Amino acid sequence: MHLQLPGFGEWVAAFLTLCIFSFLYRDNVLYRIAESIFAGISFGYYVGLAKLNTLDPNLFRPLLGDFGAHWSLLIPFALGLLLYVRYIPKLAWISNWSLAVYIGYYIGVNLLQKLHGDILPQARGTMIPLTGGWGAVLGGIIVFVGVVTVLIYFFFSSPHRGPLKPAARLGIYFLMISFGASFGYTVMGRVSLLIGRLTFLVHDWARPLLLSLMGG
Amino acid sequence: MHWAKQLLLVDRRIIFLLVFLGALIPIIRPIGLGVQISPPVEAVFDAVERLRPGDAILLSFDYGPSDGPELDPMANAILRHCHKKGVKVVGISLFPLGGVDMGIARLNELATELQAQDGTDWVNLGYKDGGQAAMKAMGEDIAAVFPTDVNGVAYRDLPLTRDIRAYRDMKLAISLATSVLGEWWINLVNAQFGIPVAVGTTAVSAPRYYAYMEAQQAIGVIGGMKGASEYEELVERAYPELKGLSRTATMGMDVQSIVHVIIIFFILFGNLMFLLTRRVKEA
Amino acid sequence: MRVRGLPVALGIGAAVFGAAAPLPVRAEAALPIVLHVADTPSDDGSSLTLTWTPDPGLLPESLAEDAATEVRIERRAVADTAAFARVGRVPFRDGAFQDSGLEPRTAYVYRLALAAGAGDTLRSAAAAPATPRENLFRTQRVNALVITLLMTALVVGFILAAKRGVSLYIRRISGLDAIDEAVGRATEMGRKILYVPGIISVNEPQTLASLGILGYVAKLTARYGTELEVPNIDPLTMAAAREIVKEAYLEAGAPESFREASVHYLTADQFAYAAAVNGIMVRDKPAANFLIGWFAAESLLLSETGQSIGAIQIAGTAQVTQLPFFVAACDYTMLGEELFAASAYLSQDPLILGSIKGQDMMKAAILAVIVLGAILATAGVHGFADWFAAL
Amino acid sequence: MKRQIPILLAIGASLYPVVAFFVPTRGVTRFNQTLDEWMVIIASFALLLGIVSMIQVNLAKVRRRTSGWPFGLIVLVAFAIMAAFGVFGRQGARPDGGLYPFTWVFQFGFSPLQSTMFSVLAFYVASASYRAFRVRNVEATLLLIGALIIMIGRIPLGEMIHPVVPDVAEWIMKFPNTAAQRGVIIGAALGAAAMSIRVMVGIERPYLGKS
């Protein structure tokens, strides 16, 4: 495989990667520069993304291409623009109209997503018949007891006294085991990211650089 | 126990160095440890394996570059699997910070690796804003949400999606998700439109999806780089002719094992010192 | 395969109805499958559902065993006399097909076609004409309607009650006792208290809850004369925090000991902020650290440095991904909802109080339903649990 | 008038998806579909809303030369260049094989920056594991035991120690973890639903802003 010098892209990426890693030593100006470039690019990316992927195909092109059929798109267009009027003090109150529609819509969608898509199936999934092989029964009991005690732990209308005290205690133990699992998985996730970066530095940048230098 | 106190307060940067070396060595000299398959990943593999040539699936790239090391290998393995099965892939993205670019990269890599054809084997409809709004609208009419693909070709003119109007015309939706988007595919799309959903997620969010899977709201979950390496293994076992293609997750797991051992040692050693110093104080 | 939107009732209906109809003589050309077509319930009147008994015996021997045998669905509107059009292809074994995109109030006739090899096609007798009807309510979603109405009644009811001054009981969150103890210890040691209200602005509920708890801590430090410092990453949160601390010192009767600079702004960048707060911790060695509010990955840096300088640390967040690290590194952690319950307990704000009470009652209802469901399921009664299915 | 209209709009916009969830008639579903498609466009504008305040903050910082103003300038310049590549250019690969500038800057600028920023956390997890995670009480002990089992069970080392280790890890995920996650999902869902209801009945009005 012919290894040539790492391309300009690899050099830029490697430089920025090392700038961020320099924060591990201590906070320094190189890190702050890279951090600012990151903030700037991400905001600029949103602009290009929205224009290229939504505003052009779903709004501008239909309006300009065939206005007759798509005139109703002027309504979302107007509501979208009105959002920006909040930066003009005198007219700020109008922007609340489109904000109300925007926030209201997602509130309505979210309500049923949580009640119908989360609470109903999760509650139903806990109504487990305690029958079948001992493994399934044991598992079923643990899930049932776990859900009940965790819900009791997060119950605020009565003090944790009498039977509720041991139940809440058991609930916190279930929570701790699941936090342990999340901890383990998070460590896995963070390490995977490190592997990704070091693999890039070694295979895409350092090795082609060294080999081509040695190769003369 | 003075030296124990001293050891506990060692400078943070020495620990950084240890982790750096622990990660670097296996990257330069891979070890090649085996891969153990877990049921949630096998469930997703079986779901794709049951599909028939000509069936279509929806693959949503709902992640960004910082999740690449975990989810890119998953995307590669799933795309190779679908290609081998003759399953059509409809690629979209609902994640703003880079989802569309991850999709472009993975599908182009499939095209170069297995000569899959844009437009007939797969199609990339690109990114759309709106999150739940786009998910709900695709329940009735995908073309209304994605009037064109990422290159500007009209939805109607794409041969692959000619008879795909909405979710019901596809057999499975797989979301490669980092944030809460993966949960929306379950508690909104699966709950209200019935299409089976599988989620490939970063390790950080994997534990949450066991609760959904156990309630049959998701057919399976591929969790983190470990899950990706399992799917890579399953695909290679089923399709030996794919051997030789890059398996970044499986290679990554070597490093994962070494760094895990280091961190496990840190936790045990740190707590041993903690217990020793505490006993000294009490004595 | 469960066909979308095919409720259990229709399935049973088809089986019963199928048995009653006289079985046609086994004609060689005709496919002896009896097809039933009915309006798809809970839809906008553009869909009909076809069902048939997927008995392999009805198929020619050559195809009977093959599970993947597919039947073609053919449709013709009763009004137009044109030939049957092909509208779909489904495995015979499915026993059902849902046709959509139809005109409401228009009668349609369906039949099944099977390619029986050697070019000839077997066709079933045409089913009785059926007309798709527009339905007014998705009957299978009555469970969602019940839970939505119940939840709305509880939340709105308790909020109105709280506003009318009805006293609603919420238990004292044990996290508040941990706060009292931490402030007490800091006062004994005569060292500073550091309060970090999270890294997001005031539009986040967790930040508002944290500011409520900051008011409580500030009243204690004002009364005991302990030094309090509140470093900020967000200008709006800082302004709100400064107001709350000033008012707390006023209420505690020590307005003169309130120092404006104690609530100050550091930087906007997540990791630079964590590094700066770590600098304060290492330099001033506060006796107690409070990390309460919305946190991301920098929670790790803050709690680690706090632990290494021996400070007593109280944390609180609803960010589930950060809770494991706070629990492992801090002396006490308020988990998720406890953060909101603590701020409701302190502020007695009717809006938050009423909401938490409403949620609590729903939790009690869900608990009862789960216990009842499990008992019934164990006793073999699955209808109760199925009622909760999300269709 | 300035307050009633937004309140009515918010209540209407939140009730409509709920009605469309239950009522499948042709008229209701058709407008529901239109509203979803419109919201995709409005959400696109909302996504860019934060940019105006970002520009205001950084412009003020540069104009007043407050501490760290050069970094504010870098943010604005990087923003302007990237936005220009997006608005005037295209995305994806050029026909001749290279990348359009918008995608090039993303792949070689944004992507390494974001990935590296998050990969730094692996170092912090490691140092916190050594210096901060202590079995100081029963809860922390249970947490660390669970973590160790999962971390060992999820790497090939676990299987080398004993073939049952990965199964124990899987069992923990399938039963105790599922139970606790389910409790948290139900709790969080109730909290979010309560917040939605407060806005839907007009008790809480987050859209009215500071006016």
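For clarity, chains are labelled A, B, C and D in written order, and residue numbers in each chain start from 1.
Heads up, the rule we're going with is that a contact is a pair of C-beta atoms (placed from the backbone, for glycine too) under 8 Å apart; a residue touches a chain by one contact, two chains touch by 3 or more.
What you are looking at is a predicted structure, and each value in this text was computed from that prediction instead of being measured.
Colleague: What's the minimum number of touch steps needed to get from chain A to chain C?
Modeller: Step count on the best path from chain A to chain C: 1.
Colleague: If you tally contacting C-beta pairs, which comes out ahead, A-B or A-D? Let me know.
Modeller: Looking at contacts between chains, A-D has the larger number.
Colleague: Taking the mean of the C-alpha atoms as each chain's centre, how many Å separate chain A from chain D?
Modeller: Going by mean C-alpha positions, chain A sits 3 Å from chain D.
Colleague: Roughly how far is chain A from chain B, going centre to centre by Cα mean, in whole Å?
Modeller: 13
Colleague: How many angstrom lie between the centres of chain B and chain C, each centre taken as the mean Cα position?
Modeller: So the centre of chain B lies 22 Å away from the centre of chain C.
Colleague: Once you find the CA centre of chain C and the CA centre of chain D, what distance in Å lies between them?
Modeller: 15
Colleague: Going by the contact rule already set, what residues in chain B reach two or more other chains?
Modeller: 9, 12, 16, 19-20, 23, 66, 68-69, 96-98, 100, 128-130, 133, 136, 145, 150, 191-192, 204, 207-208, 211, 214-215, 217, 226, 256, 259-260, 263
Colleague: Of all the residues in chain C, which ones touch at least 2 other chains?
Modeller: Correct list: 141, 144, 148, 151, 271, 304, 308, 320-321, 324-325, 327-328, 336-337, 363, 366, 390.
Colleague: If you look at chain A, which of its residues touch at least two other chains?
Modeller: 23-24, 32, 35, 42, 45-46, 49-50, 53-54, 58, 105-106, 109-112, 114-119, 121-126, 143-144, 147, 151, 154, 175-176, 178-183, 185-188, 191, 193-194, 196-197
Colleague: Based on the touch definition given at the start, go ahead and assign the chain network to line, ring, star, complete or other.
Modeller: Looks like everything touches everything, fully connected.
Colleague: Looking at the complex, which residues from chain A come into contact with chain B?
Modeller: Those residues of chain A that touch chain B are 24-25, 42, 45-46, 49-50, 53-54, 57-58, 61-62, 105-106, 109-110, 113-114, 116-118, 121-122, 124-126, 143, 178, 181-182, 185-189, 191-199, 202-203.
Colleague: Please name which positions on chain C make contact with chain B in the complex.
Modeller: Residue positions touching the partner: 2, 4-5, 68, 98, 100, 304, 308, 320-321, 390-391.
Colleague: Which bits of chain C are touching chain D when the two form their complex?
Modeller: Checking each residue of chain C against chain D gives 42-46, 104, 134-138, 141, 144-145, 148, 151-152, 155-156, 159, 203, 205, 267, 271, 297, 300-301, 303-304, 307-308, 318, 320, 324-325, 327-329, 331, 336-337, 340, 351, 355, 358-359, 362-363, 366.
Colleague: Spell out the part of chain D that touches chain C in their complex, as residue ranges.
Modeller: Per the touch definition, chain D meets chain C at residues 18, 21-26, 29, 68, 117-118, 120-121, 124-125, 127-128, 131-134, 136, 139-140, 143-144, 147, 184, 186-188, 190-191, 193-195, 197-198, 200-201, 203-204, 206.
Colleague: Hey, which residues of chain B end up touching chain D in the complex?
Modeller: Interface residues on chain B, with respect to chain D: 8-10, 12, 15-16, 18-20, 23, 33-36, 38-39, 64-66, 68-69, 96-98, 100-101, 104-105, 108, 128-131, 133-134, 136-137, 140-141, 144-145, 150-151, 192, 207-208, 210-211, 214-215, 226, 253, 256-257, 259-264, 266-271, 274-275.
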